[in-house]
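Down below are the structures I want you to see.
The same subunit A turns up in both complexes below, where it pairs with subunit B and then with subunit C.
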Partner chain A sequence: MPIGWSEKLKRNGFGWSLVLPSLLFLALFTYYPMLKSVWLSLHEKNLAVSEPLFVGFDNYVQLLKDPVFRQVFGNNIVFAVGTVPLSIVLAFLMALFADKAIKGRGLARLAFFYPNMIPMIAVANIWLFLYTPHFGLFAKLAAWIADQPVNLLGSPDTVMGALVFMMVWKEAGYFMIFYLAGMQQIPKDLYEAAAVSGLGTAASIRRITVPLTMPTTLFVSVVAITNAFKLVDHLWIMTKGGPNNSSNLLLYYIYDTTFNFYDQGMAAAMTVIMIVLLLLVSSLQFLRWDRKIHYE
Partner chain B sequence: MLKQTKPLLLLAASLIALAGCGQTNTDSTQKGSDAGESQPSAVASASPSPSAADEEKPVEITFYYPVNVGGPLTKVIDEMASRFMDSHPNIKVNPVYTGNYGDNTVKIQAGVQAKQPPDVAVMMSTELYSMLDMNAIIPLDDFIAQDSEIQMDDFYEAFLEDTQTEDKTYSLPFQRSTIVMYYNKEMFKDAGLDPEKPPATWDELVSYAQKLNKDGHAGLEIPGNDDSYWMFQMLARQNATDPKQNIMSSDGKKAMFDTPENVEALQFWLDLSRKHKAMPEGVIDWATVPTDFIEGKTAMMMHTSGNLTNVKNNAKFEFGVAFPPARKQFGSPTGGGNLYIFKDTSPEKQAAAWEFAKYMTAPEQAAQFSSSSGYVGVRKSAYDTEAMKAYTAGFPQALVARDQLQYAFRELSTHNHGKVSTAITNQIQAALAGQIDAAGALKKAQEEADRALAPFNK
Partner chain C sequence: MDKPIKMPLLLNRNARKSGEDRLVSSKARAKRRAQQAFWHGIGFGFAALWIIPILWVARTAFMPKEAGISSTWSWAWTFDNLVRVWHAAPFGQFLWNTVIVCGGVLAVQLVTLTLAAYAFARVRFAGRDLVFLLFLLQIMIPPDILIFSNYQVLSEFGLLNTKVGIMLPYFASAFGVFLLRQAFKQLPYELEEAALVEGASRLRILSRIYVPLSRPIYVSFAIVSVSFHWNDFLWPLIVTNSVDNRLLTVGLAMFAKSTESGAQWTDVSAATLIVSAPLMIGFLLFQRKVIGSFMHSGIKG
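Coming up: the complex of A and B.
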């Protein structure tokens, strides 16, 4: 027998009223701006027109033709490929160490996590100094290797590598925390059983630790990939996306297009592309892929 | 999801905050005009009568300003504003420090779009066309015509150039600068050069820089990131046969980047490091150049005169300041910010804003601001004040930027300025990084600029 609407309301009303406050804020500050971005992305709105002009998908077509957008998008892929696997592997190794090291375990954890406690802007300033020619530690190191002064942030060939290196340093400690939690969930008797069976440390890590932290790896991967698209604070301090866009990333380019070029239609189109991209990535987690890779 | 839209969220929050502030402002004006029938009209209030205004509710105006150089300049500006209020009790000024020039423009832009702009603001002179295209600012000609105190011809001609377009004046010069050459006198002596004779021509610059490029320090540094077009403009003007040559048209609708003379100018910049080995290769960072100079990592640098105070306070050696050397002529673009008055507010507020802008650029204030910041005094008579005489007597280097004004000219400013200036800046960076040659870089920059300007040439 179908339930009447008043009955439905009775059953669900309490639930809805609990959700309502957060839903209201989400709608106001998340869904509405997203819809507005979609609307704006279908219009030409820049200094050349006084009122927004409907242009359909023209902004998206223009974007595909824009060499800077393609370069920036490519940069972001490089940035993600450079930072994600490396910081995850490093995080895993650091977690192993912080999990096992008996003496000074707290200190090791603190040391590994510490880069994450500094705000990105402060990190960028510290690393800007490390990369400054003549003064910085890494600049001196690079100059010693290349046998001539090297301007790591001022050369298109090295700037991306320098930023990836910094980001790995910053991110790895954060991901380590997740691995640490994951490893502590693994029952210790598994390792004891492995030891009894004569399995070495390396083998037990490969056969027990790696598979049983797979859900963590998936989660961390999703966070790392989205971070690679979201973290751009350092660009303000270090390179402004230069030289000649070689360190420019998508979010920074969106900002530039809005507030420097005053081209809101185009910026909205890029925002929509970015939102779709990030939704796709986070749907990996959302669709509960982790269940499929869990050993249970 | 909340994280992904963080920038949007922040923007929305700031817009709401702005809207909130604006609301209270509007209320207070309405009350103000209701309360006093005798409230002076827009024009009449241009000559304030402090005694009569005591009992009325003062006109409240918001003033946005950026600070782009080191030092406690916010204090100086807040002080100037509070002294203005002492002498003008019928006007209340709320000074708002908005960060650097970039942040400042973003805040103003957000305000304009929310129809709640500041009443008066310091903004880059180069924002003129963008503000006009956004229909955000008002011309000041009516105020100037009706106000005998302003004396526009007392402002330096070079600073007025970028306040005007198509026979109208849209701003008053406020914190202004030019490019000057700083040099380390001790390194000059060590290299056997006369410390009182800085290089005056490009050839001398090259030979001096080569001699100075030793003992682990560079001979010369010219910053190449951020707004590298500024340095390029300087070299281009120095190499121009026409004394009035600039890299854009005066109506801001055309860019002239890829002329043969400009290619030579950019080539000279590249040669300084590649061919003459007198300067580090690659893109040199704007902010580290003064640090390099102060720390003795370079013997000479081209930088904004706005850094005078910074270098004066921190350099532990004797240094000189000179005109950047000439090729066919001396030349430096001006830089810095002007005072703009905004639309979308009441005439009373605009009149109050005019009073404030006039006060801030009056000789005494110009002198005080110049001596505490290192910016150039915007008025000729500012240099006749006692404060300025005392300052320049103890620090004659401060006069170089002023003396150079006869060779100074307008900074790159066009419609769609963000795109046009980025086009040339990026290509200069590419050339400095060795990715493209001078002619190719300027050709590409020209094409990009032409595309960005096409809608304004219909």
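Coming up: the complex of A and C.
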């Protein structure tokens, strides 16, 4: 039976009025800011030029030439390459351990997950303390290994490693719970069958657990990469991006450029680069490559 | 999930009990035990490693100032640091602000996401797929990334340095919408049809059937949302510039920066503990529910 016009109109109006409140806030704080960033990135606007002046792609060209931006961008890649695989592998191993029916696994789960409940800024305080020369536990440990006082956060060679270590500590337990969920969905029969065919524990993990948790791995990878670009709170407390920009990350540099150097055109251009980057990363997931990975 | 299961392997399952037990000699069993003990050792070793940072800070927070500077171990402890720090900065005000912001964000979110989730789950309207994609965009580009432009939007509205200003960008949650939409879709449609026949309006159906039946999902969302906003830092930092509107994380950061020297670590540790304690206590009390909620947050819509 064909539905009448008024009926259709009513239903459409109803649907739209339900999504409208959300859409309004999304428009104000997601779509408009994105478009505004794109627009402003094509203009010069800073302390010297208060009215936006159209300069085309000049800001982008400047960025490519800017050694600090190149360094910060490189740092962010290093930070992602350092944190993402390590925290994913650790999360997988943690889940394997916490999933087994042994005594104390609840406790282990708790120990691995609790850093996720601590504010990033508090985490930064804790680790700044742990890394403080003469006082901090890890600083003492590093000094003992190197046989001389070490300032882990004060040297360009070690600062990135120290921050990666902290980030893995904070994140791995969060990713672990997704692996726990994934592993609980694997039928136990599979492992029993594998044992019968003489497959050892290591082999059955490699041939059953790893492939069947591939969708989880993909999801966690996207979250982890996004986090590597999104989480910069700790820099404010620990290093301010130093020494000599060696620990500076993209979002923190945007913050610095906006609120300390007041260069809005540049900040906008960097925001746009960030947006494009994140769109690329998350398209990995939304293109549903996970389905293909699954049947590999 | 169904394809990789190999049927022939499943059939073999019954053969296991009879054959294998005899094959496993006592020697092999001992080797297995040793291996297992080895892996348990490593696992619990890691767990212990993970707890060290919080223990270290908790220990320092209760340490008398003199003991904090000296390098020899002492068993002395005191509440002085916590009391002094609580009065040294307006942490009570910060705590209140944080509660208001977290509560305010959640309250508005619950309304906006209930309406939108119902529309996506049960109302067929023109352009629904397009709007769905637009919502997806917020998940890919979270507001955290857009601090620079959102700051400008907020200043155009004249809402800088207000609590509403901190909350506004988070009033719509695409993540929450997808989570709830999934829950709504799983409820049997017959419930709604029956209510429609009896003349109930759709908004009434939403509030009387859908919302109460999805309570666990609401709780999950609330836990994830509150812990996110409790821990958020950079956005509240740039929006606020007075004590009246600062949140706990911002207050903590300012406090830590103002006492930057080795001798003050007892104070900074105490402040860190104060700021982290509310969520940590909640987590320890309801750990199953909390972990389960974060688990939900990864299930795709």
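We adopt the following convention: the second predicted complex is superposed on the first by the 276 of 296 C-alpha atoms of A that agree within 3 Å, B and C clash if a C-alpha of one lies under 4 Å from a C-alpha of the other, contacts with A are read in each partner's own complex, and residues count from 1 in each chain.
Heads up, the rule we're going with is that a residue touches a chain if its C-beta (ideal position, glycine included) is under 8 Å from a C-beta of that chain, and two chains touch if they have at least 3 such contacts.
Just so we're clear, the structure is a prediction, and the values are computed from it rather than from any experiment.
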Subunit B versus subunit C as contact partner of A:V81, first or second or both or neither: neither
Contacts of A:L47 with subunit B and subunit C, given as first, second, both or neither: first
First, second, both or neither for A:P115, with subunit B first and subunit C second: second
Touched partner set for A:F29, first subunit B, second subunit C, both or neither: both
Subunit B versus subunit C as contact partner of A:L141, first or second or both or neither: neither
Partner chain(s) touched by A:G15 [first = subunit B, second = subunit C, both, neither]: second
Touching partner for A:V210 - first (subunit B), second (subunit C), both, neither: neither
More subunit A residues in contact [subunit B versus subunit C]: C
First (subunit B), second (subunit C), both or neither touched by A:D233: second
Touching partner for A:V61 - first (subunit B), second (subunit C), both, neither: neither
Contact residues of subunit A, present in both the subunit B and the subunit C interface: 26, 28-30, 33-34, 37, 132, 134-135, 226, 230, 251, 254-255, 259, 271, 275, 278-279, 282
Residue numbers on subunit A that touch subunit B, as the complex places them: 26, 28-30, 33-34, 37, 46-50, 132-135, 149, 151, 153-156, 226, 230, 239-240, 242-245, 251, 254-256, 259-263, 271, 275, 278-279, 282
Interface residues, subunit A side, partner subunit C - complex: 11-12, 14-16, 18-19, 21-26, 28-34, 36-37, 40, 94, 97, 102, 104, 106-122, 125-130, 132, 134-135, 137, 169, 173-174, 177-178, 180-181, 185, 187, 189-190, 192-197, 211-212, 216, 219-220, 223, 226, 229-230, 232-233, 236-237, 251, 254-255, 258-259, 264, 267-268, 271, 274-275, 278-279, 282-283, 286, 294-295
In the complex, subunit C residues that touch subunit A: 1, 3-6, 9-10, 12-13, 15-16, 19-20, 39-40, 43-44, 46-48, 50-54, 56-57, 60, 71, 111-113, 115-116, 118-120, 123-128, 131, 134-153, 168-169, 171-174, 177, 202, 227, 230-231, 233-234, 237-238, 248-250, 252-253, 256-257, 262, 265, 268-269, 271-272, 275-276, 279-280, 283-284, 287, 290-291, 294-295, 298-300
Complex contacts: residues of subunit B adjacent to subunit A: 1-9, 11-13, 102, 105-106, 109, 130, 133-135, 224-226, 280-285, 288, 291-292, 295, 297, 415-416, 418-419, 422, 425-427, 429-430, 432-433, 435, 455-456
